[in-house]
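Paired with chain B in one complex and with chain C in the other, chain A is shared by the two complexes that follow.
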Partner chain A sequence: MTHLRQWGLLLSLAAGLFLCWPRDGRAQAVETAVTPLLIGYIHDTQAQPVIGATVRALADDDTVLAEIETQADGRFAILLPASIPDTITLQIHRAHFQQSEFPLTTDQITTLHQGQPVSLADIELQRRITPAFWAATLIFVIILALIATNRLHNTLASLVGASVIFAISYLGPLLHEDLFIFNFSGALRYVDWNVIFLIMGMMIVIAVVERTGVFQWAAFMAYRISGGRTWLLLPILMLITGVASAFLDNVTTMLLMTPITIQIALSLGLNPLALLMPEVMASNVVGISTLVGTPTNILIGSYAHISFNDFLVNLTPGVLLSLVGLIIYSEVIYRHDLQASSGGISELLLQRLAERGRITQPGHLKKAGVVGLGMILLFVFGEHVHLLPAVTAVMGATALLVWIKPDIEEMIEAVDWTTLVFFITLFICVGAVQEVGLISFIATGIGQLVGTNLVLAMLAVLWLSALLSTVIANIPFTAAMLPVIGFLTGSIPAAQSKALYYCLSVGSAMGGNGSLIGASANMVTAGIAERAGSSLTYAYFLKKGMPALFITVGLAMIWLLLRFL
Partner chain B sequence: MSGIICAVRGGAASQPTINQAIRTALETGLPIYFLYVVNLDFLMRTDHIRVHTITEEMREMGEFILLTAQDKAAAQGVAAHGVIREGNVADEIVALCREMAAEYAILGQPRAVQAQNVFTDDLLDTFSQRIMQEAGTAVIFAAGSTS
Partner chain C sequence: MNDQPIHQILCAVRGGPESRETVSYAIDLALETEARLTFFHALDAEFLQYATIGPLSVVYQELMEMGQFTMLILVDRAQRRGVERVDFIVREGNVRKQLRQAAIETKAEVMVLGRPTRSPSRNVFDFTEMEAFSDELAREGNLRLLLVPEG
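This part shows the complex of A and B:
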């Protein structure tokens, strides 16, 4: 059984490599022959390709001469029979769009008679609001509400949403033709497998690293270096938490940092919240400095093809600026708590703290360090050979599994399948509202508001996402916003630098500091702190966190404006 | 075996409870059993797969919290032990009282805590009666604390 599971996990990783490996573009190219061929490109009003549109060539008597569907890039090549009639009408049909028909010109038909291909002008399809639009929109809003209010587990909420969407798509048309949203294969088109495999690979790496005791050691070293000087201890702990969050997910970082931080605080007679609040805020801020630091960055990077290096160059300086602001802010608001520290620590407690602050698996840590370094190098330089981050993560995870040979059962349990299902079903739910045109309408609305003004667009995206992230879970929010940002990037000439994506990254992550429910890391920290007798309440978090939100987002905004204008 | 059971969570809020336990121990000469209960309900909707790792971390943290309480008791010449349990706080307090045939259980007087806390005003009387009935342990309330 154990061997079967081992092979199962290795096969999953191999499948990830296969799915994520960049394909040779030539293999997907349309084969064009010198025959009566109609070639065209269909897009929507946002200049996005329309996939799966049915293109029919009709004769005078509505006889279907040929029929084909548009490909993933919105293009089609329809091969006509040898005998070309004198009149041909092209009919284009696609769910959620208005049907379009137009006749070919005499010149085009003459060319076809000569056996030559005809390249048509780009065709724009107009959206239409159908009952499916309202159904998908309602489902999506309900999912967001269920997640925001904690009525259902995130994964269950999005799983229910995806199931209802499929039920409506397959059973709805029995009642009304326009209740169709998309079929199963259409839904899978919206699932970003790069994201899924990148997250899976990183989970395995994290599972190995978290067992080595490196976090506890680092926290204890912070205590040793500070020599009990709490004003110094605070920024060191924030820095350690921030750096860890830049490579690991924030929840794991805080799960491991919070207990040891509480012990240090108790040793020093210090209010644990004076260290924990700055730590979790640093985690939310610095987590976005790399591609793999947060799920939102992974989403953004994969969607917008923003590399590991791009994040380092375009975001990290702004993040560091925000961190400096956050450290100063934390030192100021917690100055009384830090000064109130007794400073002394009994020998017994110091001994205990030293026992906790040691590397428990030095061998594993060394190997994980070597593999981790290799992964960082591949993240940084891999883009030159079109190596996707997901491939690097899967290769790194595989290398660790082979080299360290950990308990494979534990490794399987360490992969958070619940989260992966959440992402897959969330992609389907977001895909549904994208399919029916909701995202398109929102994008058009925002586009009309900001026009072609990049500064206005940047400020709108940055602050809107920051403030909304205080109440809306930032992963579904980011997933829904990506197509909107894609449209704005396409419609604002100066936004080709992808500045708006970085604004979304900053807003959705740093916005998590605005409220207790703004980030999962906040909730975990509050849960552990409460079990150590320190209540991190909603009101307390709001009072300390909201000013931090304005400071950090404001500083990041300055950097982004300087960088992209 | 007999003694004083005192559930602690650490932090300033627990200090009156710990102080009360030490006072009672000095008066009666009984040893104190400080209890810390690891409860991971807060992970239900966030990161349940980390339960194994975080349970270890919470146990370590609990042991440290117990050590601070034991240290304080030892400084006043009182013998004190630490006990770590996992599960529901109320159930574990009752269970330990029963196992130790404890003479006294020290509970904090709530000020303003969440409804689900066993030490809220509404549930405190019911809970102390339960300790009495199920373990035969007398309950002493420490004023001005939450646990």
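This part shows the complex of A and C:
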């Protein structure tokens, strides 16, 4: 038996040695040294690398000498056969771009004859509008409309969009060659897995925290601290909601804060909307102060490599300024409602409210607090060791699950897979319009409008995204705008500070205050309020929310201009 | 009102400021007839399907708690006004179905509801549905439907 093991070990080592041995290494090295090599880089008109372009070296008689595809960085290195013809033409083909051909110069051919590599000048490919362009654009517009009008669930809308895109890509070319958008692996290139894992990790953490009753406790404490003084209760509730939104998802925060807020308001004889509207607006404003506060920040952070610290340093002061403005505005517009409070509350109701406002799982809350603190530290300091936020979130979620040992089935169910599917399919839909060149055309258009003027670009991005977010769901909007902002950041020298990304973050989140459909948090708040007999209508939201949008975005704009100019 | 004695009033409301008139009417009627007053609240959480992220099981529980608390406030209000026999029912599910069930269980003779408004989003029933529901209740038992215009 022992012999058998020894033989097995020896065989394994031998196999390993065989696999690792550089076979024909010497011969290969010699061949590489003398084999002619063409090296180049292909980019589009926005100086973005063109991935997956087919580069062919053709002889006089159109014989293909060698063929290769560009890598993720747009570069290619094409090995030519040892016998070099006197004329070589390089042909570049890529769907959605004009085919490009150009002959190598005599000097380049001579260099290749000498067995030396030739480094080509950067090659720019021009886009072309194909039937696939119109198909992808139409699908994307329909998805946005379906989401905005609630005709289909967000996830279903984007899933349908992705499926139609694939159907057109695979079946369309049977009718017309240019109906191809991208293949499956091409589509997956656009899925940002950092975003998916970060959201998943945070969902598990939230699932633990939400069951502890900490929201209800905090809201009740706000009531206790205010001592029934509604003018004081209002900012305290806004602060609690804001802080919670900075670390948790806005929708979750409002789902948990709204019922207890309504109970407090009704106990005090207050119009619940006088507390709910400022709360949800505070949630939309303060949520963007951290990387993990909103899905849009997660998208922006991952795309532009903006860290947790960067958001804190570059956005939080502006967010606090906006919050102060929002509190003052809320106190003014709801002054009559706040004064109309009856103030009195019966012992029975107070007792019931106190029962509702208690921590139900103190042990879990303590553990979640410790893990949460650890996660914040990793978010803050992890960037020094290139620790991605998604990794921190997954590690934190795992630590919490191991420590608390909850019902794992229940925790897995708490992960909103529907949302994750929404993000994956949304990335594919946005990828499709990016692939066919729509984003590129929009970016070029905006680029021509703002030129290299950073102030103009900041104002355009900030206000355009704020106003569009009142009618377009901000997640797909942000996902679509990121490549545009990427182009503008690359083309405006002073924008290297990533100022435009912060403008997008502020605009897309605070813009949600402009209308009822501007943010998912608004919709769920309205839904719950409706169930308690307080109608939060579209018109009401517009009337109270639109001025708030101008105040908060205006104040944030002042900060951003001071910070980046 | 006809001369038939009323022993049980069922008042179906959401409980917020928009229900104020309906609740006042039901309390007045209970005081006048000395009938038992039962407030009814049904939670239809279908809207949560549009919450892309959310702890739905926790939220359902929260909404039920909210419904109970809202009804408790109404009970408190009725008691302060002098109604001696007052309680509440909170149910989950289809409002119309739950309301019919509650009417049967409580053996109510009168059901007080808010009249549908022009804003469809604020109504559980629209005008046509309300008429159909009223006929349905009248056919099934000795139950009258009283609609109160909201303030």
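The criterion applied here is as follows: the second predicted complex is superposed on the first by the 530 of 565 C-alpha atoms of A that agree within 3 Å, B and C clash if a C-alpha of one lies under 4 Å from a C-alpha of the other, contacts with A are read in each partner's own complex, and residues count from 1 in each chain.
FYI, contacts are C-beta pairs under 8 Å (C-beta built on N, C-alpha and C of every residue); 3 or more make two chains touch, one makes a residue touch a chain.
Predicted, not measured: the structure shown is a model, and the values here were computed from it.
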Joint occupancy of chain A by chain B and chain C, clash or fit: clash
Contacts of A:L256 with chain B and chain C, given as first, second, both or neither: both
Partner chain(s) touched by A:A135 [first = chain B, second = chain C, both, neither]: neither
First (chain B), second (chain C), both or neither touched by A:I42: neither
First (chain B), second (chain C), both or neither touched by A:I204: neither
Touched partner set for A:L560, first chain B, second chain C, both or neither: neither
A:V430 touches, of chain B and chain C: first, second, both or neither? neither
Touching partner for A:F422 - first (chain B), second (chain C), both, neither: second
First, second, both or neither for A:N150, with chain B first and chain C second: both
Touching both chain B and chain C, residues of chain A: 150, 153-154, 210-211, 251-252, 255-256, 259-260, 262-263, 266-267, 271-272, 346, 348-349, 352-353, 356, 414, 416, 418, 520, 523-524, 527-528, 530-535
Complex interface listing, chain C residues touching chain A: 13-19, 43-45, 47-55, 58-59, 62-63, 65-67, 69-70, 72-73, 76, 80, 119, 121-122
In the complex with chain A, residue positions of chain B that touch it: 8-14, 38-39, 41-50, 52-54, 57-58, 60-61, 63-65, 67-68, 71, 113, 146-147
In the complex with chain C, residue positions of chain A that touch it: 150, 153-155, 203, 206-207, 210-211, 216, 249, 251-252, 255-256, 259-260, 262-263, 266-267, 271-272, 295, 346, 348-349, 352-353, 356, 414, 416, 418-419, 422, 520, 523-524, 527-535, 537
Residues of chain A touching chain B in the complex: 150, 153-154, 210-211, 251-252, 255-256, 259-260, 262-263, 266-267, 271-272, 346, 348-349, 352-353, 356, 410, 413-416, 418, 520, 523-524, 526-528, 530-535
